[in-house]
Amino acid sequence: MHHSPLSLPQDHACLTVHGPDSAGIVAAVTGMLARNGGNIVALDQYADETRGGKFFQRVVFHKAGLAVAMPGLREDIDATLRPFGLDWELRDQSVPKRMAILASKQDHCLLDLLWRRRRGELPVSIPMVISNHADTAEDVRSFGVPFFHVPSEKGPDKSRAEKKILELLRGNVDFVVLARYMQILSGDFLAEVGVPVINIHHSFLPAFIGANPYLKAKERGVKLIGATSHYVTEDLDEGPIIDQDTVRVTHADTVTELARRGADVERQVLARSVLWHAEDRVIRDGRQTIVF
Amino acid sequence: MHHSPLSLPQDHACLTVHGPDSAGIVAAVTGMLARNGGNIVALDQYADETRGGKFFQRVVFHKAGLAVAMPGLREDIDATLRPFGLDWELRDQSVPKRMAILASKQDHCLLDLLWRRRRGELPVSIPMVISNHADTAEDVRSFGVPFFHVPSEKGPDKSRAEKKILELLRGNVDFVVLARYMQILSGDFLAEVGVPVINIHHSFLPAFIGANPYLKAKERGVKLIGATSHYVTEDLDEGPIIDQDTVRVTHADTVTELARRGADVERQVLARSVLWHAEDRVIRDGRQTIVF
Amino acid sequence: MHHSPLSLPQDHACLTVHGPDSAGIVAAVTGMLARNGGNIVALDQYADETRGGKFFQRVVFHKAGLAVAMPGLREDIDATLRPFGLDWELRDQSVPKRMAILASKQDHCLLDLLWRRRRGELPVSIPMVISNHADTAEDVRSFGVPFFHVPSEKGPDKSRAEKKILELLRGNVDFVVLARYMQILSGDFLAEVGVPVINIHHSFLPAFIGANPYLKAKERGVKLIGATSHYVTEDLDEGPIIDQDTVRVTHADTVTELARRGADVERQVLARSVLWHAEDRVIRDGRQTIVF
Amino acid sequence: MHHSPLSLPQDHACLTVHGPDSAGIVAAVTGMLARNGGNIVALDQYADETRGGKFFQRVVFHKAGLAVAMPGLREDIDATLRPFGLDWELRDQSVPKRMAILASKQDHCLLDLLWRRRRGELPVSIPMVISNHADTAEDVRSFGVPFFHVPSEKGPDKSRAEKKILELLRGNVDFVVLARYMQILSGDFLAEVGVPVINIHHSFLPAFIGANPYLKAKERGVKLIGATSHYVTEDLDEGPIIDQDTVRVTHADTVTELARRGADVERQVLARSVLWHAEDRVIRDGRQTIVF
């Protein structure tokens, strides 16, 4: 079964901007785009104080002949935004981001992402799935996606597995998704991978950090369980949160049932987060995210 | 018990714009604001097609000495937007909108609005409550709000009650909220009142239009009940929807329990809608609304 | 990829009871079970009036050597409940219900059910999938489930397709799920199929009955979209509702996006309903359902 | 404004049972009720393992002439359940539980409970409100409820305020609700008060234990905020959870807005929990609750 062709918007670019707020930024950006023949399709912005705080913006614009115009646009954007001290990124939306998935035995998040990609719901390409277990190989390949089995290793050899993964990823991906990968990535790995890594944690963070959150939830007797997607940082489960959701449970739900119901929340939260990241809707700001 | 003073934003204005989309609008608006020393605090926009559709925008900006600058701003806005064929409205956010509440015997939506106003949650003034029953007079007046009792009349005299209400409202209010008013307002009333009228309907429209929606919901055996706020038009329950929400119910809930649980949804949906309307976040577009 | 073996509860039976309420039913049922060495694991009941209304009960009990004891149990249940004028059903929970799925081109509900079955989430067997399009054949068969392609026919030949489906189903299934089947089944079909048929409708019924509910939702400008599962009756979209849910949308969502977001609600609502039906948690009562 | 008369069910009793599970309990209880002419109106039960775990049950039954029959019923219940080693409680539902409210400056939970009582939504009487601030005195008394001002004291005199509160409560109340009371009650207070104490915490516990949860939520960048009701124990925010709920927030919500939106969740969660406690739907089991 082939992936359905993605109908990515042609001649559309997304410009994200962030940095110190000051008067006139919006006029400067939109004036520059107008000068360049860009028609604004969507514009979101946020400033965290009325004056003097930080400024965040996402602009999607249509520009005929975008591919040819990109170098000139970049120059003009830079000339416009440098005086304001702003960071920016410009991306051609007709080029899908390349997403690698790291998975383990659990298949619910992994298959959901592959299936949504095939339906055309996620504007990404999936060059590879890497798993420390071989169980899902056949399923993954039935979606036409390469599967690599890199078994986890313990203790001093742990870094060997990570090195193999880094070799596979290097230059081939724009971001990595941990679809219930269940292995803690080392600081060295995160430093070297050079692209954003998104994780789905099976609790409503910051509640139930670490292992076995559904068991902890059962023991604490909570009446809701949740899931949290976040960018991975060296501090476990402390990275900037992208999205969260919860679902109602009762005293009668066993840990197994919590895990089953939580799996539905996990795959929904992760799918939304991947979509938002792929569409450049998420801007990181220290321990937080701005989601447009 | 006095109303707590509203801390309305000083020197902030809200500009809403809608009309035919065309290239360069955003640059023109934001450039004009920059020229006038306005610093953009919030900006939302929506175009219903990539090109050639309708355009909607809401901009909140800070401008020192706003009150004095308003006439000049209006001239510049008009000069800027007239070439685009756009409608616009400019409002000084330090001036609260004046909201009249029409109510009946049920007090849940009425008291919730009065209480939220007192807490400072709603940027409105409440010059009057009008009810066709006297039951809530004491409660309303304890909030320092004038209460007028205008009994409903049937048949040919119905218009007499409406005329009394129109006399009370004329020139005194910027919008009217029907907080479970339970009387159908005539087309004549709506034509003459000259300000937006917001209603809360106790169902998830378009399901269960008309009277007794909780009874109808029970008879149909639905598993969710809801509430819908909308602008009132001559067609009953057909006006543009502002907000909706639902809550889960079971076979064991009686009609009384549906009404009790629905009341919580009603007051939440209505309070959100009043807030959004008061902050100029809702733009009407035919049978629909844009909510920024 | 094989279905994981279902871990169905051994030596557990589910007894459902419904009929006229009267004093002493619960004592009679539970006393009879105690006499027979049944240990009650779960018990739910509902009476729609304090006295004189209808009575509904679901009891799950453990009984060592259940299979051998079933005939004796049935006799004793009948002797116990006949004097009360009650209908009842007894089912050995170690025997999964056989579920046929009827589908069309859309794969989201279909694949979700197959995948949940494989994970062991649904206590059913799936002897066949029947579709009027061949698109999903490969996917279905990869789950080890037989796929039959029965193209729809128009006009006078419509009944020919239905007859083929009836032949496939006859004697082989305990219930049928329409996983976005998109064909209206005739009254003759429903009369002959002889087992419950569950449908998922892509709206919050009774809003947007019939075709194209997402388009109608867009045109009406609703702020929530929903899905409804129900037993199929001759009156289109009027059957007893099993479950419903909604999700928040905005003016900016296109019909395509409504359909995409609705698909997530559809598969969740349908999966819950199938689970509840398979576990004998749903009792039909005229146009309504009791869900324990 | 008077409280509307509560329409409490006459001749209805609620029996709650908990203790070690064993075969035959349900038959024994329901047989005993049938013998005594009790007609079961509602029955819920839960056993935390198929065999050998704990058993929990709530039965509501109608019995003509209940008041006169209570002593005999108690004897028969005791004779029936003692052999099983079960604890039980029997309550005449026509007698409302007496609820004291402890509050502080924040009025949202306090007024919501008073208002729901007046509407007849809560089957309780409210003999007193005690607050460490006088701000809400007028509002409370307008509901016809006595208000006592007991200022908080620091350090060694803290116990003096607690003693005054204990004197007011002693013998007069069946449970206490902390409606955003903001003072930590001492272990001595809890030991002496002798009735259940329900608290509403303004976070999704166990996230953000302790003071300033909305500030902590903002700093952590969560995308949902929540509220949790629980029975108060000596361990702060560690008591058995009765109910929880969450609401979606964004990066743009300030701490003030989080608090405003959270207030809506708090009052809903607290009102539900008070209702459930008043109807004997909540059974404590160590650190957890069973909610029927």
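First chain written, first letter: the chains are A, B, C and D, and each begins at residue 1.
By definition in this document, a contact is a pair of C-beta atoms (placed from the backbone, for glycine too) under 8 Å apart; a residue touches a chain by one contact, two chains touch by 3 or more.
Since we're looking at a predicted model, the values are computed, not measured.
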_Under the over-half criterion for shared residue numbers, do copies chain A and chain D use the same patch or different patches to meet?_
same
*Determine, using the mean of C-alpha atoms as each chain's centre, which chain is farthest from chain A.*
D
*Could you state the distance in Å from the CA-based centre of chain A to that of chain D?*
42
_For chain A paired with chain C, centre-to-centre distance based on mean C-alpha positions, whole Å_ = 36
*Do you know which chain C residues sit against two or more other chains?*
46
*State the interface residues of chain D toward chain B in the complex, per the touch definition above.*
1, 107-108, 111, 115, 119, 121, 138-139, 142, 260, 264, 268
*Interfacial residue positions of chain A with respect to chain B in the complex*: 23-24, 26-28, 30-31, 33-34, 37, 39-47, 50-51, 62
*In their shared complex, at which residues does chain D touch chain A?*
46, 204-208, 219-224, 226, 240-246, 250-252, 285, 287-291
